[in-house]
Each structure stands twice: as C-alpha cells, then as structure tokens.
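Letters A, B and C name the chains as they come in the text, with residue numbers starting at 1 for each one.
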Amino acid sequence: MEHKASVLENLADVRAMIKRHKRNDTLFAAIGLLCLMFGLVTLMLLFWQLIADGYPKFNIDFLTEFPSRRAGRAGLLSAWVGSLLVMVVTFLTAVPVGVAAGLYLEEYAPKNWFTDLIEINVSNLAGVPSIIYGLLALGLFVYMLDFGQSILTAGLTLGLLILPIVIVSTREAIRSIPVSIREAAYGVGATKWQVVYDHVFKYSYGGILTGIIIGMARALGETAPIITIGALTFIAFLPPSPITTEPPFLNFEWLSSGFTVMPIQMFNWLSRPDHAFHVNAAATGALIIIVTLLMNGTAIWLRYKIRKNIKW
Amino acid sequence: MQAPVQLTISPRLAKNIRRNVKERMIELILMLAALVAVATTFAIVGVLLYESLSFFKTVSVVEFFTDTQWTPLFEEAHYGIMPLVSGTLTTSAIALAVAVPIGTIAAIFLSEFASHKTRETIKPILELLVGVPTVVFGYFALFFVTPLLQSIYPELPSFNMLGAGIVMGIMIIPYIASMSEDAMRAVPMSMREGSYAMGATRFQTAIKVVTPAAVSGIVAAYILAISRAVGETMVVAIAAGQQPNLTFNPLESAATITAYIVQVAMGDLPHGSIGYQSIFAAGLVLMAMTLSFNIIGHWVRKKYRESY
Amino acid sequence: MATVTTAIKAEARDLNFFYSNGARALKGISMPLYENKITALIGPSGCGKSTFLRCFNRMHDLYPGNKYQGQIVMHPDNTNVLDAGVDPIEVRMRISMVFQKPNPFPKSIYENVAYGLRVRGENNKRIMDDKVEEALKGAALWSEVKDRLHDLAFNLSGGQQQRLCIARALATDPEIMLFDEPTSALDPIATANIEELMVELRSKLTILVVTHNMQQAARVSDYTAYMYLGELIEYDDTDKIFTNPGRKETEDYITGKFG
C-alpha cells in the first residue's frame, strides 16, 4: 500500500499487479472448487462404498426375514415395520400440532412477551440435541406416564423432535401469502378462521408439506433418542396388526408393543464383531440413505417448484 | 357540527354470538398447539432437573466437576464429568478444524465465484446432505476413515476420537457451507459493485468486502455447528469409544457425554438407580453447553439480519 | 352544501381515527354518502382518504391498536357501524370493497365470485350458479369468461382481474361498495372499462371511491370531497368543486398549483 503512488505512475507495474491479482483469483477459485468437491465427492464416495458393501443383501429376503443370530439369514422385517408404525404416530402428532402452532403464531398471536416466549422456545427446541429428547421421553413417557418402551413412546418422542421443523416451515410458507389476499377475503365478510383455513392454509399447503417431508425424513433416520428410551434391538416378532378383520376393524394394541427401527437395527449390526453382520449394517444404511435422500429430494424439488410458481 | 348521538344497534348488524364463540374456540385450540412447544421445553428442563437433583443428593457438585474419573457403574464409583466433557470437546474441536476452513472456502466459492447454474445445482445438494442420518456416518468412521488413518499411523486404536471427529467434520461441511453462503448472498450487490468499480478482483472483493460484511452470519453458522457437534451422538458412540478418558489427545479412545448416555441406555439399569440418574446429570451438562452455543448463535445471527 | 334530493345511505359524524402508533389520521370528518350516487375522495397522498374509506367496512380492525372515534351511521338501520357491539363481519357483508391492485384468490374464476356466498354458508349449486352469473354480468365480465369459469383467475389480464374483484364484491348484493384507487394499477383502456362499470353500478348501490386522479373524479362522481392532512376541506357537487370551488385550498389542488 505504501508504494501506491509509484505503482500508479508506472503502467507496466500496474499491469503486472493486475496480472498477479488475476492469478490469485484463479488460484482461489481452484482451491474453492477443491474444498467444495472435497465435501461433496467424499460424501458421494462414502455413500457409494456403503451401497457396494451392502450389495450382497439387496434382495427381497432381506426385507421379509426377522433378525437372526446367523448374519446370512438375518433380515429387516421387524425393523422396517417398526419404523413405519413409529412414523405413523410421529406424523399424527407432529403434523396437526405443528401446523396449528404455526398458524397460531403467524395469524393469531398478539405481539407481546408471551408470544415472544413461545417463539424463543421454538427456535431453541430446534437446536436441542436429539438425545436430550430421548432423556425427556425416558423420564416422562416411559416412567412417569408409563407408556413403556413402546411404539407410542417412540412416535411421540420423534413427534416432539420434529415439531419445530414443522412449525418453522409452516410459518415460512404462511409468510409468503400477501396481505392483499387476506384483506380481499375479509372484505367479502369472511371470519378470521375462514380467512386462515380457506386461504392462508390452502395456499401455503405446498410449503407446509415440504417441511413435513423434511421432518419425517429426519425422524426416520434418528437413532439416539430411540436408543435412549431403551428400544430393544433384537425383535423377532411383529406388533399386532392395526387393522383387523372383525369390527371395529381397528386395533390399537400395536401402540404399546415393543419394537425396533431401521437405524437401531443398523447400529446393532455394526456393533457386532462378526464382519458378516457389517454387510447387513451397510445394506440397512444404504436403504436408510436412499429413503431419506428421496424424501428430502422430493421436499427440495417441491420447494423449488413452489418458488417458481409464485404469482403474487 | 352535529353532536354524536347514542344509537341502537340494528339486529342485522349486531354481533353474531354463535360465530364469535366458534372463532374463539378455534383460536384457543390453535394456541394450545403452540403451547406444546413451551410445554416441551419445560418438560425437558423439568425431567433433567428432577432426575439430576436425585443424583446430586448422592454426589456432591464439587466432586462432579473436579473428580477426574467417571465410573458410575463400577464397584468403586467415581462421578467426575470432566472425562466426558474432554471427550466431547476434543471430538467437536476436530470436527470444526475440518469443517470450518473447508466449509467457509466452499461457501465463498459458491457465493462469489461459481456461476448461477453451478450454485443452483450445488445448493440443493448441500441441503440434501444436511439431512443424511448420522448413524450412517458412524459406519463411515468405523469402517473407512479409521482403517485409512491406521494405514498411516498403525498404533491408532480401532475406536479413536480422530476418526470420529473427522467424519463429524465432513458431516458438518454442508451445514456450514450452506449457512455461510446464505449470509454472503444477503450482502447487497451494491457493495460488490462498489468494490469492482475500484478495480478489485473477485478474490479481493470476496475477502475484503463480502466476507467482512457477512461475518456475523458466518460466525453464527460456526457457533450453531459447534452446538451440533457437541450434541452429536451416533458417530461418537459408534467410533470414538465407550471408555471415559480424561484426555485431549485425538489419537486415544474416549467416551463423550452422548456416547455415555447411549451406553447406559443400551444396558439394563433399573429405574431410579444412581446409574440411571447419572445419564440425566450428564444430559443436563450437555443441554447447558448446547443451549449456550445456540443462544449466542441466534443472537449473532439476529444482529446480522438487522443490519441490512 | 348540495341540496339534498336523495336519501342518505351512510354518514360520517365527527369521525376521528388513530393508528396504533398514535398518529391521528382523520380529524373530525362529517359527511354523508347519498344513496345511488358516486362520491369521490380526492387529495394528495397521505391525506387520509384511503384511511377514511377503510373505516366504512372496519378494515382497520384487522390490525391491533387502531382506534376509531365518532360515528359512521348506516341507513336504514340507523346504526353506528363503528360501535363495539356491531360485528365487523356483518358490516363487510353489506359494505364490500374493491382494492387498489387486483387481488383475486388463486382459485378458479367461479370460486372467486362464489367465495362471498360460501362464507355465508350458501351451498345450493343452482343459487350459486345464478348468483355468479349475475355478478359476472354486473361486472361486464360474463361474455369474456363464461366458457372458462373454472380456469385459474390469475390467467386473466389486469383489467379483467379487477372486474373479477368487482364481481366478487357484487355477488353478495352489497348496499355500499368502496373502491380504493381501483384503476391505479391498470392501463387506460381497462381504466375506462372500470369507470363505465362504476357509473352503471350506481343504479344498484351507493359508491365511495378514492382516487388520485382528478379527471377520474370529475368523470364518474356525483359528489366530491377534497381532503388534506386528515381533514375534510370541502365537500360538494362534483360540478361545483371542479368549476367553482368554495375554498382556496381546493382550487389550488385542482388547478395543480399544489399536490
């Protein structure tokens, strides 16, 4: 900097400096690309390796067999059924509560300390480590409320875990609805709830769905809270079927059933010393990754589509 | 000017009681849903404090923070949280050492150098990678990264903090890159134009104008990443070891707070025993650590949001 | 003051309005709206004309902290619509509104018009079909959209969207219709269509229109009110206001010396 004056006087020097700066530009661009690729390519390679490791188990038997002491015969049946049932409970708790809370905070809540308190709560909850939710569930659901180590407990736990995701995405989706639409509806005599339900909710449906899918994908892959509530890892039975042949055709015994889920089954298999089980773990991991990537991919695609279609 | 007269209200315009009651009911139901979030926080704090209080009836707070051993399940039990804290901090530090430089440089590249098309392609991929379940990363740490490190340094134990930390770092790269890129994108174009107009190059503009302007957003990303690393469970539970070990040497095996909770939960501890209570005390420490990072992170981020 | 030959549909009596920040946006406004007439509100931006208009259907209730003082009496009910005992929803069912920018719902053309009926609990398809057709005809839009009633309203042009919004407001047979600068976002041809429509609608209902365009006020309205800084400066026959204003301020504004 102290040579500034002289540099500017000499055209050749200026050109040399520009050349040097341009070289820095290129150099940094190269380093930047390298860093970006390191992040992306390493992860891609790892996923690829996982799929390759688990490849021998990519067959239908793996999905229709119970876990077994013999690695070759062991399958994922109880785990994927468990995951599915837990997800049903999670969906039924997180979605109505989360969407309702989002609607309340964005459309109804007065601007006061109480609303601020709820908002701070939601953003803090989003940052609470998942294992803490496991401790909450262990203390509250398993023992105090005596739900046991059941599908109900697991579903409620994951429901609370993804609640902030659903609330935040609901609010963001609602925020993109312009005031003019609300005023138009009020202008023809709609009540607040009619405005909120017929317009605000219906037009932000896509954005809300995005958040729900991302939340459900997160719930599907969560391991720590489920381990913490003490889910069993060796389950060689299926919970009672939710649908029966006799009236009333619905059966809620499955809610209190013991269970395992896919990430726990994977954790169990990769903790075994016998390498044969690691193949099972890899196959499970590959399945989890594929399903979660598909879910998140759908959500991101949906969000992209909504952004493109916004007309106001 | 006519003085206002008190008028009667025609029935056609009077309040519709039924409709108003229905509207109030709906509002109440929605508010109850929002209160679930508050209730969850209170329940978390309540459960952690309740069980920890029983724990601290047996163990003094001084011992908890000064004892250098954590062996609650042994015959001769020690209750010093420090070995678990050291494991947590070491793995988190390694993760950040990997993720911060790579993530930041990747973000600068993406925001300032990459073409619009590249950015539009890479950004969703980053968001996609943030959602990969962490148990899968545990597998990578145990079966790829640690064997790779062992081929360089053969004395490395199978369970070690280095491998777990590196994988956690790789896991966090997309998170830091994505959030930092958001912060840099929020810097107004006019600032860049000002810099380019002075004859600055892309690199100079990125380093001297955009990055400083976005610094609080970037720092917020780091802090939230720390909180994520500290609270991360599966990678360390699988790959860093289960043995509490008061060390900051990444080449050793050591349990983190989260790994300890998993280890105890996997076992068959009776409800109400000191071992059972100990995971809540450990959880309370974890909660305090992540909460403070989150609060600082959100505070920093809020500041940068206000600045434009 | 104009000689009263027609009935008064509504009148403001010493109306004051305060925004939540405490700002007093309307200062003691008293003026009548004559039945089946068009009354125009003119004045420089920020003079409170839109604020005044939005008092009539209690639009300010949507934002907390806003405060009315005084009365807006609606006839024949002889009821102050600003009274706490009055349901703003009932008011909006009888006093409808057309906004500055066309704001159709992202629904079909049919559903846009039918929405006002639906919120009243109307479910009879035949009644609804008739009402929608009638409203679209009333808004001079029927011939253009009758073959595509179930297309998205966003696919219409700006002028058509604004006429759709008028149809939406018409469908529920309101007694008063408020227009808040209804042509400010439209091109001259669409503007002419809307103006023509307003004149036609006059036979059915009472109209209050805010406009920043003095020619528009002169073209369409029967009465004109000039507002400045929240006060009503002058209110009279439109002809009188534009040819022989009673106040110097009004004359300055109309001749373009100011504003």
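Keep this in mind: a residue touches a chain if its C-beta (ideal position, glycine included) is under 8 Å from a C-beta of that chain, and two chains touch if they have at least 3 such contacts.
Nothing here was measured: the structure is a model prediction, and the numbers come from that model.
Trainee: Name the chain with the Cα centroid closest to the overall protein Cα centroid.
Mentor: When every chain is reduced to its C-alpha mean, the one closest to the whole-protein mean is A.
Trainee: Which chain maximises the distance between its CA centroid and that of chain B?
Mentor: C
Trainee: By the contact definition above, name the pair with the higher C-beta contact count: A-C or B-C.
Mentor: Answer to which pair has more contacts is A-C.
Trainee: Centroid from C-alpha atoms only, then distance chain A to chain B, rounded to Å. What do you get?
Mentor: That pair's centroid distance is 14 Å.
Trainee: Centroid of chain A to centroid of chain C, CA atoms only: how many Å?
Mentor: 48
Trainee: Using Cα averages as centroids, what's the distance between chain B and chain C in whole Å?
Mentor: 53
Trainee: At which residue positions does chain B touch at least two other chains?
Mentor: Correct list: 19.
Trainee: Any chance you could list the residues of chain C touching two or more other chains?
Mentor: Residues 89-90 of chain C touch two or more partner chains.
Trainee: Would you mind listing the residues of chain A that make contact with two or more other chains?
Mentor: Residues 191.
Trainee: Okay, in this complex, where on chain A does chain C touch?
Mentor: Where chain A meets chain C, its residues are 110-111, 178, 180-191, 194, 198-199, 203, 311-312.
Trainee: Name, in rising order, each residue of chain B that touches chain C in their complex.
Mentor: Residues of chain B touching chain C: 1-4, 7-10, 12-16, 19-20.
Trainee: Going by the contact rule set out above, which residues of chain B touch chain A in the complex?
Mentor: 19, 22-23, 26-27, 29-31, 33-38, 40-41, 43-44, 47-48, 50-51, 101-103, 105-106, 108-110, 113, 122, 124-129, 131-136, 138-140, 142-144, 170, 173-174, 177, 199, 201-204, 206, 224, 227, 230-234, 237-238, 258, 261-262, 265-266, 271, 279-280, 283, 286-287, 290-291, 293-295, 297-298
Trainee: Using the touch definition from the top, list the residues of chain A that touch chain B in their complex.
Mentor: Residues 18, 21-22, 24-25, 28-29, 31-33, 35-36, 38-40, 42-43, 46, 49-50, 53, 96-98, 100-101, 103-105, 108-109, 117-118, 121-125, 127-136, 138-140, 143, 160, 163-164, 167, 191-193, 214, 217-218, 220-224, 227-230, 233, 263, 266-267, 270-271, 278, 281-282, 285, 288-289, 292-293, 296-297, 300, 304 of chain A touch chain B in their complex.
Trainee: Residues of chain C touching chain A in their complex?
Mentor: So the residues of chain C in touch with chain A come to 57, 59, 62, 64, 89-90, 92-93, 96-97, 99, 101, 103-106, 115-116, 118-120, 154, 165, 168-169, 171-172.
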